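Please go over the structures that come below.
There are two complexes below, and they share chain A, which is joined by chain B in the first and by chain C in the second.
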Partner chain A sequence: MKLWQYVVRRLIMLIPVVIGVTLITFTISHVIPANPARAWAGQKAPEEVVKRIAEKYHLNDPLYVQYYYYLAGLVKGDWGYSHSEHRPVIACLADYFPATFELTLWAMMIAIPLGIYLGVVSAVKRNKVPDHLSRVFALSGVSMPIFWLGLLLILVFYTYLGIFPASGRGIAPSHTYTGLYILDSILSLDFHALVDDVWHIILPSITLSYATLAVITRMTRSSMLEVLRLDYIKTAKAKGLPDRVVIYRHALRNAMIPTLTVSGLAFAGLLGGAVLTETIFSWPGMGRYAYHAISTLDFPAIMGVTFLMAVIFVIANLIVDILYAYLDPRIKLGE
Partner chain B sequence: MNDILLKVEDLHTYFYTYEGVVKAVDGVSFDIKKGEIFGLVGETGCGKSVTALSIIGLIDEPGKIVGGKIIFKGKNLLEMSEEEKRKIRGKEISMIFQEPMTALNPVYTIGDQIIELLLLHEEGIANIKKAPKELKKEKRKKAIEMLRLVRMPDPERTIDSYPHELSGGMRQRAMIAMMLATNPSLLIADEPTTALDVTVQAQILKILTDMRDKLGVSILLITHDLSVIAEVTDRVGVMYAGNIVEIADTFTIFQNPKHPYTVGLMEAIPKITEKKEELRQIRGSVPNLIYPPPGCRFHPRCDYAKPICKKEKPKLIEIEPGHFVACHLYGGEANE
Partner chain C sequence: MAENAVQTFGSKYESQIKEFKYTLHLIRKSPLTLAGLILLILIFLVAIFAPYLAIDHPKYIGGQQTWYSDFSQTFQPPSWKHPFGTDDMGHDIYSMVIYGTREALYVGFIVVIVAMLIGVILGAYSGYVGGWFDEVLMRICDMFFAFPGLILAMAITAALGPGLTHVMYALMVVWWPAYTRIVRGQVLSVKQNQYIEAARAVGVSRFKIIWRHVIPNSLPPILVQATMDLGNVILTAAGLAFLGLGAAAYTADWGVMVSQGRSWILAGKWWWSTFPGLAIFITVLAFNLFGDGLRDILDPRLRR
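Moving on to the complex of A and B:
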């Protein structure tokens, strides 16, 4: 099977998954015993207004009719009206998603290479000082609460040292192409914005990356230890290859599969779940938006965020599966 | 003495474990001549593989070579730097392993793995990705030649196969082709046929002897299988519990074994021409190498043990030209 055939097939399989997701989110947001029309209109709004809102959004219709309207809207690009923001959900997502995506991208760019490197060093220098250091580092990463780390970084680097800013995304670049500030500022040659944006993303991306970094380090270490005992490593050494080739070319590629799985899941997870980091650093992303939507019973927004998340997870898994086949020729796609 | 390629003298390789020091190889000496197939035979755990890994310099922690000399082409390998040894490994001394299923890297093609070795030792390029295309093509041709030499079926196609696409016998051929591609002087084959079917075993052994004849490579063949020894080796060293107890040419070992352990081994081979009620075996079991028996390590199992066997370790002495035995039964006479 060719790669593109596999991708197309997987994308088609995405449809039932997505329908399932809409079904679940729709049901969950409608079993909550609260009157959304009242919530959107406000506590003091006259009964008449509440009624009209309920009518306009089909809140009085049977659930399956409401679901039909929801699905139809989803396909047409009308994801509903976000009442907490007073604008369409899709417009909110278009604003917030790039912010989260950019933050996640940076966090993963820190976590993946550094995590793999630390894991490899740890495995190669097993039970020696570098291993102990990296294990302590990783253990503190998985056990340290993310908000605590965020606050600590702010305290040190913003309050005491005043090196990095502590909130927001920085200056918006002069042109918007992708919604990713740093990429856009490079594309529009706006170096003033570039410096400011890079400065702003450093602390939140470190905060966000630490837990993932720790997991990747531990995963890489254990799978490297596994691989380094195997016969083909002995063969590689018997060939007279330098250690660095034995470790990075012969061992690491075989040890990458578990690391890849973790990285893929973490990437998808961070895209939707950076609530704490985004809140601490006032980062205008999806996590903050979702949190806000939940607390104001903004159903269309909740459904929109959940839907997008589900799609991201499925796509992340697809990418991981394709990378598996690239890394290990024994894995055949679609069989 | 010019025809001696490798001389191992009084080699001691110990493993420092939590339970104690395992004296896996404790004073092993032998030599291998140019173009010779030298067999090292013994039970599992007697130190054969450790001897082999010591020669190629791949003893991992907690193991350590604590004494002796390994003289290869006149130079002591144990006095060389890690870098110098690395240049000999895979070029002058190669090694193939017991499990062809796992000895090749599953994520690279057979071709890539052979080309990598050729680029490393012939061009000094350690990273195959950095090699120029023409150079790779040239090495690829040579790799196909090597595969043809080991009678790999359809080498032009096999070279692009991944290890999992080949059978065990084909993988072992690929290993042999790879490890002989740089035309080394010594090939260490550690139980190369143990994991294979009997018919495939015969093919692999035939290939090894062919390679010796065509390329002139010396082979150190490690096995616990006496039929393999009988089939291909020129001379044999018999190992027991970290020591060599007897060395002789293969014919002599089978016809006229001297050491009680070797005699026991030979008697343990079932013969189809004899009618025996019971299979003969050597009584007792292999000693613990952390606390080996004092004196001759075989004495607790030996029917001919004398008081001196418990006290003094017998030296390897030449009882007739080319026939060495480490046993007080013979040493005593020689000393008198």
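Moving on to the complex of A and C:
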């Protein structure tokens, strides 16, 4: 099977997964709440609004009818009305998505290279001081409450040292192309905005990346240890190749494959972490939107964020699967 | 007579006792695992002896936890009188952090035990019997795996309404599929063993085979997972509390305390958020250190 055939197949396999996601979000939004119409309309909404909502979303019909209208709504872009923002949920999500995307992208760009580097060092210097340090660093990363780390960074770098700002995304670039501030400010040659935006993203992206960095470090370490034991590494060393070449060219290539899988799974932590990080740093993304939705009991907004985040996570894992097939020639596609 | 009983016990379980002693020996030899174990013991001692360690104690008015407010003592920085300082109502943060240990462990253990029980029952049955039941159950698990855990828990808690009990329900819903999958995988590999075949050949019932032979032999990796998950559950519960979905304000809940203190960080009043956050960090770290070490120690490939 060719790669493009594999991609098409994986895309088709996506359909049942997305249906599964909608079954769960449907259950959470239509079955669990004591009074779904009240939940959708908002706790403070007058009685006639609740009635209108119940009618509009067919909430008094049997569940399978409700599910049909729910699916139809999702497909048509009617994801409910966000009463905290007085506009449709989908419009809010479209506004907030780029900020979250930019933040997670930067967090990945910190976590992946640094995590791989620390993992390699840890494996090569096994049971020596650098290994112990990097293991403690990694275990701390998976144990640290992300919101607490964010607060500590604000305390040190904003309150006491005054180096970095503590909230927001910085100045909006003069032109919008992608919604990603840093990329847009480069594209529109707005260097004033560029400096400010980079300055603003440093603390939130470090906060968000730490847990993922830790996961990647641990995985790289253990898969490097497996690979370094193999015969072909011994052969490479015996041939007199320099350590650098053996480690980075020969060993790391094969050790990367489990690391890649873990990076895909760690993306879930990144999305969850984004909610907490954005709340701490008042980062105007989907996570902060969800936080506001919780405090204003804006239920359609919470469900919208939940559904979109699940879809993003599913797509991220699809990309990882395809990269996986592309990188590892031993994987027989289609088996 | 008693001596005799001890002897029989000793000889009957000789190999198990030997294994256990060897495990203890391995724990002693691994500094990080030992550090985790010591931390865990200390944390449990704090939880048990909280009434003796704390300066102030909660009162329960109509089931609602309340703490003594001293408005002449608001926002006191850490001192001998208030080791972790006080909050905006003059509550002693140290005492609340100490009592918070109980709540964190309670949430962790209940959620993990329930999720594990569901996972063991469904996973063992599914793995042993296979067929359409297995197929359907695995597809249901896949549905749950499509969500980031914190996000799913957030949505469920929001649908149920905020509160600690609802947070725990939500976490159980998030965590059971992982156990089901692990147990099922274990059962599939244990099932291949000849002693299972032998038991079936002599006519032992299906239930008895699963209960007496399959489950006990698939336990070690499940216990390692449970140890690490105790930390993860506490961490996720704290995240939900931080988002305003957990316990009420001014209760001895670490996540709630970090959340309430956070707006004061900018004003330099750092202690309200810092100490409860540190408590979460140390507790989760202890479970992870111990669980991580335990995995290597219980792994039969690395054991000898």
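Things to note:
The criterion applied here is as follows: the second predicted complex is superposed on the first by the 286 of 335 C-alpha atoms of A that agree within 3 Å, B and C clash if a C-alpha of one lies under 4 Å from a C-alpha of the other, contacts with A are read in each partner's own complex, and residues count from 1 in each chain.
The criterion applied here is as follows: a residue touches a chain if its C-beta (ideal position, glycine included) is under 8 Å from a C-beta of that chain, and two chains touch if they have at least 3 such contacts.
Predicted model, so just to flag it, every value in this text is computed and none were measured.
Of the two partner chains, neither chain B nor chain C is touched by A:K2. In the superposition on chain A, A:K237 makes contact with chain B only, while chain C stays out of contact range. In the superposition on chain A, the chain among chain B and chain C reaching more residues of chain A is C. In the superposition on chain A, contact of A:H86 is made with neither chain B nor chain C. Residue contacts after overlaying the shared chain place A:Y158 against chain C, while chain B stays out of touching range. In the superposition on chain A, A:K44 makes contact with neither chain B nor chain C. In the superposition on chain A, A:K76 makes contact with neither chain B nor chain C. Put simply, chain A uses no single residue to touch chain B in one complex and chain C in the other.
Interface residues of chain B facing chain A in the complex, by the touch rule stated above, are 56, 58, 86-91, 94-95, 97, 99, 102-107, 109, 116-117, 120-121, 126-128, 162, 164, 175, 178-179. Interface residues of chain C, counted against chain A in their complex, comprise 32, 139-140, 142-144, 146-152, 154-156, 158-160, 162, 231, 235, 238-239, 242-245, 255, 258-259, 262, 265-268, 270, 273-274, 277-278, 280-281, 284-285, 287-289, 292. Those residues of chain A that touch chain C in the shared complex are 16-17, 20-21, 23-25, 28-29, 32-33, 39, 132, 135-136, 139-140, 142-148, 151-152, 154-155, 158-160, 166, 268-269, 271-273, 275-276, 279-280, 290-291, 293-295, 299, 302-303, 305-306, 309-310, 313-314. Interface of chain A with chain B (complex): residues 230-232, 234-242, 245, 249-250, 253-254, 327-330.
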